[in-house]
Amino acid sequence: MIGIGIVKGLVQTAKNLIGTYTDKERLVTIEYPEERQPLTEATRQFPFLVYDGDDPMKGLRCTACQICEKECPPKCIYIVKSKDKRVDYKGQNQFYPAIYDIDYSVCMSCQICVEVCPFESIKMDTAFELSTADRFGGLLVNKHQLAKSNTHYHQIHPTEAAASDEAMNLERAKAAAKAKADVEAKAKAAAAKAAATPTASPEASPELPKPAAALPKMPM
Amino acid sequence: MTPLAAYLLVSALLFAIGFAGALTRRNSILVLVGVELMLNAANLNFLAFWRYGPNPEALTGVMFVLFAIAVAAAEAAVGLALIIAIYRHYCSSNVEDVATMKG
Amino acid sequence: MNFIFAILAGLTVGAAFAAMTLRNLVHCALCLTVSLIGLALLYLQLGAEFAGFVQVLVYVGAVAILILFAVLLTRGGEAPVGRITNSLGAGLLVAAAVFGVLAWAIIGSSALKALPKETPQPALLVKAVGDKLMGEFVLPLQGIALLLTAALLGAVVIAMREKSSPAGVAVDSRSATRNP
Amino acid sequence: MASLDQIFVTLKEQLVQLFPAVLQPYVGVLLSIVAIMAVFPGIFALTTVVERKLLARFQNRPGPNRVGIPLTKIRLAGFGQFAADGIKSLTKEDIIPRNADRKVHFIAPFVLVVPAFLALSVLPIGRNMTALDFPETGLLFFFAIGAATELSVFMAGWSSRNKYSLLGAMRGIAQMLSYEIPLILSSLTVVMMVGSLSLVTIVERQTSVQWGFFHSWHVFTPWGFAGFLLFLTAACAEANRTPFDLPEAESELVAGYFTEYSGFKFALFFLGEYLGMFAISGVAISLFLGGWSAPFTFLDWVPSWLWFFGKLFAFILFFIWLRGTLPRLRVDQLMNLAWKFMLPMCLLNLLVVGVWHFTAEWNELLRWSLATVLLAGPYWLFSRSFEARFKPRTYRYAADSPAAPVVAPVAPQVPI
Amino acid sequence: MKGIINSLWLIPALPLLAAGIIALMKRPQRKPAAALAIGSMALAFLVSCVAFVATLQPEAGKGAVQLTHNFAWFDLGGSALRLGWLLDPLTAGMLVMVTFVGSLIFIFSVGYMDHDENLTRFFGFLALFAAAMLGLLIANNLLFLFMCWELVGVASYLLIGFWFHKPSAAAAAKKAFITTRIGDLGFFLGIVWLYHETGTLLFYDNGAGCLEQGALTKLVTQTTVGGMAVSTAISLLLFCGAVGKSGQLPLHVWLPDAMEGPTPVSALIHAATMVAAGVFLVARVFPLMGAATADLGLEGHSPHTTALTVVTWVGACTAVFAALIAVAQNDIKRILAFSTVSQLGYMMLGLGVGGPAVGMFHLLTHAFFKALLFLGAGSVIHGSHHEQDIRRMGGLRKLMPITFAAYAVGMMALAGFPLVFSGFWSKDEVLHAAMIWSPSKLPFLLGLFGAVLTAFYMTRQMWFVFFAPRAESASSPGRAAHSASHHEPQGASSSPHESPRVMTLPLVILAVATVLLSLFATPVWPWFHAYLGGQLDHLQVGWSADSAAGLTMLLSVLAVALGVSASWRLYSRGKAGTDAVERLFPRLFRALQGRLYVDEFYAATVFRLNAAVAVLSDWADRFVWSSVVELAAWLAKGLAWLSRTLDESGINSGFDAGCVETRGAGGFASRLQNGQTQRYLRILGAGVVVLVVAIVWMGNN
């Protein structure tokens, strides 16, 4: 019969109406600026650059290899390589970004840059309140704005950051071992030179780091 | 107090305007609009004569107007249906184009 | 000559004139509506409240909308290009002659002059209208009911889309009319 | 308490007395106009906020609760919203589409708002409080004025040169024309019983005392109850309120016929729609719910206008409630409801009123049961056959083709 | 008891209400619909019985009971349109018959239409049909009677075309509707004329009705064209309606075709309702028909007025004509249909020669046994899986014993087997009245011949259906198509079987009633005459008829014996597969089988005429009207040509100009009619101007 369903529906909504006053649990909305939902660890918004140490510009892990720039689907990353080199965390001499810009208004948060970065240098941030009065310039961020410390990274994604650190430590250890081996090899070579036998080559190959093992295990 | 003649003149003017429209416009809908105006002019006449006539209690004029309005509504419905049917057939609502029945 | 009457008459006649002269059909229909509202107000001036409101209800609420629908259904929404009138001179002449003759008859009528200039406002009671409709005018009322039903059915039948009428037929008949 | 009841009437008289005798009638009219133009838009402003808040509550949300007094921390539970909205719409850019018919586009909102005010003016909002009393034709005036709504909708939709607008307008006109018939037919029942078209008379007739303690509102009779429900449904459709909001249908037609309006003209459309809703609610109150009269005789001391506005608010709340509950109908369902269910029921109700009238001297119980059976039986039959039309749509071609397995294309029915 | 008149409206209202409720029901609600229809009919039967009892006690010295209840239907300003109910023996007898037979047919339908998916609709239509017929019976107003009459027509249209998916059924429905409309045109003209002459359409209204002394005297005394009395003319017009409805001679063609409907419908149409309406109409307006002399009473023998003479002759001719055709038909229902036409002819003959009592008694008895026969035929058809051709039946006597017994009773009643069958007495009475009819003896002889034929063809049918050796035709293609079209499961047992009890019970009841009814109008105890005439109080048991009656009885017994024995001899010796009569008179048989080519005759005359008129008007339109203007132009042209030759032969070159002008005038005249509405309107406007000027001018002077 027409009408019964309507009455049932009306009763249901009336329950909602009264329920929201008597039972605050019913209200699904959070009063946002005052109350906030704790962000989950999996939250990802836009990329940022990680630096170690205290000085953002000096500790920047980025080596301006430009892989992220090439891989970025919407092409929102712009990198200019520096002319000079400096020592990175592995102790190797690397370029660093003279300019590193990301246009947040174009970025689609796909996280591909993070996936491809071999240097654990670019990560996803959780900040989402990016509103600005200037919709062209305001969302174009440079490397000073992008640089965030490793501590920040640990705060927002603790598990992932730990894994990242571990991987880097491994790299560093390998680099150190390699350096040590190099030194030893040099010493040996010097000794071999002295002995005049070319036996150094088979020992050099296992020292190359395996790329698969080098990549950090992402927690996601 | 407006004299009866004023109403009658307005009615005549309205009639003439409707008539002129019905005579000269090419679109058949506007011919119908002209006819509606003429009908309404007649209605105004009826009411004016009812109001100023010798026997307003008889309500004859009002009755006539009410019936005329009902008939006009029917006429408009059928007329417009005809126009739409003609438009479907001839792809035109121009009165000149519908002359198949000419002698 | 009363001031309000002059305004209403001007509105009615002016709108009617616009309805018959404007180029865009929708504007014409809207002007017709204004003219009909003006007429309804004139009815109120005459003391026929009931007739006036019925006029608004039927004409503005139904007939005007019907005309607008018909305009849109016949693709009359855009202003037509080219000639909008047809033998303008002759038509205007005849219409003017009709008006002239009517006006002459009205002004020259001796019977009208014999009527009293001032009559009391007759009380138009709705109850009286109802009594008349159900008593003296019951047969016309039923006739009107029949007529309206017939008109309704007729309008539906006429305007119903013809099934499977090939497009060629319409084109043919049209070209046939063009070449007498 | 008669003084409180008549306080506005006396106030007006006092004010009018201050003017010279020549001007007095005009001043009286002007005062009424000012009162109407102040009170109802005020209610409108309040309603916009209340509607948003209540709708939110019906959906387990808190609703707007921020805007209060500017530059302070006072929030007023969000009731400052209407001022903010008003200022926003008044200061917004008034955009007219390039191809639009400028004149018609300009006039359309006024054609909606002015008749809405006129329609409000015939309502008896209290004892001796009617701005425009047509002793013979009040209700007819209301319906005649209502015809302008359709015109305005058409003008707005057509002049915008936007297919959504035109579609919305066509839907709107079709809907209003269809539902005007049940609307008028269901109010005719009251006219038949009272024998007058004047809303004032109709309300006064309902103030007579029945069974010692309550006023004989029409809704407390079988035909009145049925007529009230029919009127309510038709009124919902006439006011384009939610189960029947197809002309606006945000999810399909953007905003229907006023898609191309912005700023002040949009606000006018908004205002007009709400005023129309108030007017039609007011008529429903006057026809069926006893107008300004109290439900029980022992509540007569409450001022009459308070009753009227209380009932009006109840109506507004009910409309909001409906909007928070029911989903929108399909066009074919809408038309089926009007022509195949409401029209027969209205005609039947007219018959029942006739029966009621001619069985005045019967035993009350017999008369009641006769009328109830006459209404409820066909209602039951009609709605049984009618429900089939509201079943989930089956797709003929999908079902016919042997290749495609027949899958019910409709989601399982979720209890509301 | 007399108060029944105020609730007489219940009788048609009950089935009408049932029809209305059934109309709202859905297709699967079969049982409630059937129960509602049958229940309403049974209730109507009860009320009818009460009404019947009310008419049994005439007030002393006043003749038959005649109760009326008149009321104003609606006011037309000054005058009012008045309707009313009438209860007199004629109505009461018919009411009881219709409701009784109708109830039985309804019950039968439950079984017969069991397989049809539209049973609900069927019962709705049946109830409507019955309601219309009952309304017709109780009407005290010719207009109300006419309205119900038309409603009967509508309902019959719906029912005959019930299986509208069959083209033949749809065509038959249309044919029935249109053919009866032709008669109704005359009927309606008669009504209008009657109203014009008397100012009332009420039959009895305390002396002011149109069938009462005052009006009749007025009608009789006035004459119209050819010296015919107005009453005669009106009577003949009214009789037109009866001819159409009762399938009399020129308009009988629809009745056999109406067999396309379901068999219960045929039973209802042929027995109780539709065709009886025509006979009832004649009986109802009998005072008008017989109004020629000052003696307007019902007693004694019928007055010999022109109208009644026409009725007599039409009836007699129809009786023989249809009986002849029936001899050669092979469809079981069609034979019965033609026998109905024939029997209706007898009723008309009876009305014409003997007055209402004679005709109505035959109507009543016929209603019972014809319903019995039709239902029996339905049972046969149902039992033999929708086989209707009698040549493919045979031997059903053993297979369907109850049906056989009932059918035999009906057949003997129809054929007029003596003494215990009602048909014998009623037909005998008709023949008796015809025999003593003074103007001519020919109707009597025709009737007697018809009786022979009736016995002949009924025996033929009985033989073919029940006695003949069973023809093996299970695999005939026609039958397969039939059974497929009626949703019969193909693998069902193909041998005929007895029908279910819901179908045989009505048969038995009707058979018993057929026999019992013979008690009511024997010459020994002519109760029915007395009842109709309102003389129950001095009814005596005893031989009340004159000596001619004995002769008539003897003759009719002889006729029956002749018919039966001839038929039996011919057919029982004949070979299977062919018809005995066909072998004897092949050409005649074929003509009869073709129903004497009346349909073809109509096709050749009426339809042709119609087409010819259409062609003629088309021609006139094309060549006369549209060329009038052209003719003017041609005329002008001819003048021009004349003047040119004159000009050439003469000298006047200035004449040229005149010629051109004349041609121009012709062209102008033809150009006037150019299809441009606005130009016509302009001329109209100019005309208005001239008119107004003229009027004002004349008014001022």
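List of remarks:
Letters A, B, C, D and E mark the chains in the order given here, with residues in each chain numbered from 1 onward.
Going forward, contacts are C-beta pairs under 8 Å (C-beta built on N, C-alpha and C of every residue); 3 or more make two chains touch, one makes a residue touch a chain.
Quantities reported herein were computed from a predicted structural model and do not represent experimental measurements.
Note on connectivity: the fewest chain-to-chain touch steps from chain A to chain D number 1. Farthest from chain C, judged by the mean position of CA atoms in each chain, is A.
Ranking all chains by how far their C-alpha centres lie from the centre of chain B, first place goes to A. Between the Cα centres of chain C and chain E there is a gap of 50 Å. The distance from the centre of chain D to the centre of chain E, with each centre set as the mean of the Cα atoms, comes to 58 Å. Distance between chain centres (mean CA atoms), chain A to chain B: 81 Å.
Distance between chain centres (mean CA atoms), chain A to chain C: 77 Å. Counting partners per residue, chain E has 678, 682, 685 as the residues that reach two or more other chains.
Touching two or more other chains at once are residues 50, 54, 62, 69, 86-87, 90-91, 94-95, 98, 102, 124 of chain C.
Residue positions of chain D touching 2 or more other chains: there are none.
The touching residues of chain C, counted against chain D in their complex, run 24, 26-27, 30, 33, 40, 49-50, 53-54, 56-57, 60-62, 64-65, 68-69, 72, 77, 124-127. Touching chain D in their complex are the following residues of chain A: 1-3, 5-6, 8-10, 12-14, 16-17, 19-21, 26-29, 31.
Contact residues of chain D toward chain C in the complex are 101, 104, 134, 136-137, 140-141, 143-148, 150-151, 154-155, 158, 170, 173, 177, 180, 195-197.
Chain contact summary for the complex, chain E toward chain B: residues 626, 629, 670, 673-678, 681-682, 685. Looking at the complex, you find that chain C touches chain B at residues 1-2, 5, 9, 12-13, 16-17, 19-21, 25, 28-29, 32, 35-36, 39, 42-43, 45-48, 50-51, 54-55, 58-59, 62-63, 66-67, 69-71, 73-74, 76, 80, 83-88, 90-92, 94-96, 98-99, 102-103, 106-107, 112, 115-119, 122, 124, 128-129, 132-133, 137, 140, 144, 147-148, 150-152, 154-156, 158-159, 161-162, 170-171, 173-174, 176-178, 180.
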